[in-house]
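Heads up, the next two complexes both have chain A, just with different partners, chain B and then chain C.
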Partner chain A sequence: MNTRVTYRVRLTPECLEMDGKRVAEAVAGESFLTQLYRMNKMDYPKFFKMDVLCKVGFLASEILLQAEGAERFVPRSDRAVILFNRNSSLHADRTFQQTIANPEDFYPSPSVFVYTLPNIVTGEIAIRNKYHGESSFILLPEKSQEAMNRAIARAFLDPETKSVLTGWVEAVSETEFEATMELVVSS
Partner chain B sequence: MELIEELKTKMIEALNLEEMTPADIDENAPLFGDEGLGLDSIDVLELIVLLERNYGIKIADPKQGKEIFASVRTMADYVAANRTK
Partner chain C sequence: MIVKKIGDSMMTPLGFSVEENFAAVMAGRSALRRYESLWGLPFPCVVSLIPDEKLETAFAQEVDTKNLSGKCTKFEKIVLLSAAKAVKQSGIDPSSERVVFILSSTKGNVALLADENPDLERVTPAHTAQMIANYFGNPNRPLTVSNACISGLCAQIEAYRCLKSGQYDTAVVIGADVLSPFIVAGFQSLKALSDEQCRPFSANRKGLNLGEAAAAVVYTVADDVADGWQMVAGAVRNDANHISGPSRTGEGSYRTLMTVLDESGLLANDLACLNVHGTSTLYNDEMEAIAITRAGLNQVPVNAMKGYYGHTLGAAGVLETLLTMRALEKGKIPATRGFDEIGVTMPVPVSSESVDTQKNAFVKLLSGFGGCNAAAAFVNGYGL
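Coming up: the complex of A and B.
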């Protein structure tokens, strides 16, 4: 099947790029992720409850999907969400571990625990955009475009899938993250 | 009244209600549903942890939760009557 990339976004701690053009840069003060949330006037308070991996993936998808305009938020089953990274939800895992490390202060945090799975990111994106197609978060030993392309190609084997929101979403700390996300459509 | 304000501050921190200040929270409004704060099931688990950690309160009977977490005021009343620290 022939496919093409319609939109592409790249998010790092330093800047945001849309289709290869730098559209926003981090400034001193709040975290860049919060700055982007406010700049894009998102009315989605749940954002603040997310762990950093989820924030990175969610923001990248929000900014990328704005380009779809009026088509957004129409329930659909023909779009898959397939994301990749190497470190899974390691940052949330470590944060949760801190809540149970001290026997004298043993209070496991439910709200941290829910983010100790990377596929929460794909779930949040699917819920937000009313997607009912496939969603997967695949862990790779290293960033490999070839491996990602194979997974995307497999998704298109489902005759119902007409587009795939996909990319590399990695966050190992509040200041070390990267999302490279694109919308691939069948043509 | 002091306990109500204290609870509001702790809730904002525990539930990551970053867009809110204590003044934004009506202590009589429902915590769940569209009319009030709109908290979800994970938030109530976090509130249970908050009560245990800060006030030494263990909620043994889940059925009590609906009454205790009806509003900030009902939470404060329960804390005042049952706190061990």
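Coming up: the complex of A and C.
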């Protein structure tokens, strides 16, 4: 199947790039992720409950889909969400570990535990957009565009999948993160 | 071109071979045990644990530690051991560039985080996957599928596509998870655990039990249908509803079932059984029954294996698929251990006794956090 990349965003702690052009930069003060949420006039309070991996993946997807400009929030199953990273949900894992490390101060929180799975971010994007198609999170030993391209090509073997929202989403702390996300469509 | 199983292995508290596990399941044995304060946790729980001593012995026998640097964790040991056994049985050359390794795990080495100075590089299952590839001298980047509880089925679907697309000729899929205070306390915080042995689909079910297991399967491409199991379809769909609760309409599971039936051409009457997730939580089993009914499969026998092993997380999809294959080879649909009285609003045929069958096809169904659902269809030999 022939496919092409339609839009691409890159989000780092310093800036946001759209199709290779810098469109926003972090300014001192509140976190860049919150700044982007406000800049894009999102009204989705669930965002503030998310862990950093979800916030990064969610924002990148929102910005990409706004650029796409298609009608949104209509149930569909022809779009897959397939994301990748190396370190899984390491930041949420470390946060949850802190809540159980001390028997004298044992307070495991369900709202933290639920984010200790990397595929929660694919679920957050599916919920937001009413995507009933495939959702998947794949871990790679290192960032590799080739390995990601191969996985995306395989995803199109699903008879319903006509486009894939995909990319690398890594967040090992509140201040160390990267998302490169693109929309790949069959042509 | 077909995708055929040529090797398998499993390691659970009920045995370190497929044969031992199948015999234990048919004898109605469960690996689930109650602990009043496992690892000092401040609540009782019912779990199944792989015994360390038995694991050490088997590991020393089967794994060539010369190919490893340093000491392995329990998780790494069960992954390596199950992979080594399945690779050996299949007779493949694991160092071939036409072979890909695919790992399924939800939490891998997360127990390492309890160390004073944890090796953070090693926590991710992607590290373990690379370790397996290195052990076998395989040059390809290994894949790790981490889709919560459906990972074991997703990994097989990924393998199926790796072969169907021509990217590789053979895939070694390993599903594994071990338990730790992290995982048990997490599920307890979600109020998902039962302090009794679980009772899938039963009226008085109280929640799930957790378990440790590893299972591996080797799939390869073949020209024609012959003896043995082949994977014929697989699909993953999202509920788009909630990150930690299943859809009330069974939306994602229903969609996976419809896609898999359509893709495989299988009809309800072709299926010996639906081997379902059946975690024994109120919502999961209810959701599965709704999805099955909506898909028109509510006359097909339904069975669940959590009563023998608990929920083995990233292993479940591989373990339960392999056990169903072995059972159907012997003309049996295993009993749903722990089941008593149907407790879902859409009644589906669940049995507390094993049932004889002549049919050679089944569908495996799973669902998980993140709203994800997976189904895959398997056929034995000419099958139909």
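The rule is short, and it goes like this: the second predicted complex is superposed on the first by the 186 of 187 C-alpha atoms of A that agree within 3 Å, B and C clash if a C-alpha of one lies under 4 Å from a C-alpha of the other, contacts with A are read in each partner's own complex, and residues count from 1 in each chain.
Going forward, a contact is a pair of C-beta atoms (placed from the backbone, for glycine too) under 8 Å apart; a residue touches a chain by one contact, two chains touch by 3 or more.
Predicted model only: the values in this text are computed from it and were never measured.
With chain A as the common reference, chain B sits beside chain C without any clash. Of the two partner chains placed around the shared chain by superposition, neither chain B nor chain C is touched by A:C15.
Contacts of A:V5 after superposition: neither chain B nor chain C is touched. In the superposition on chain A, contact is made by A:S109 with both chain B and chain C. Using the contact criterion defined above for the overlaid structures, shared-chain residue A:G133 touches chain C, although it does not reach chain B.
The wider contact with chain A, measured as residues touched, comes from C rather than the other of chain B and chain C. In the superposed model, A:F48 makes contact with chain B only, not with chain C.
After superposing both complexes on chain A, the closest C-alpha pair between chain B and chain C lies 7 Å apart. Of the residues of chain A, those at positions 108-110, 114 touch chain B in one of the two structures and chain C in the other. Within the complex, the chain C residues that touch chain A are 40, 42, 106-108, 110, 113-114, 120, 123-127, 129-130, 141-148, 154, 158, 161-162, 164-165, 167, 181-182, 185-191, 235-244, 251-252, 255, 259, 262-263, 368-372. For chain B in complex with chain A, the touching residues are 14-19, 42-43, 45-46, 49, 52-53.
Against chain C, the residues of chain A that register as touching in their complex are 75, 77, 81, 86-88, 90, 93-94, 96-97, 100-101, 103, 106, 108-110, 113-114, 116-120, 122-124, 126-127, 129-142, 144, 147, 150-151, 153-155, 157-160. Residues of chain A that touch chain B in their complex: 45, 48-49, 107-111, 114.
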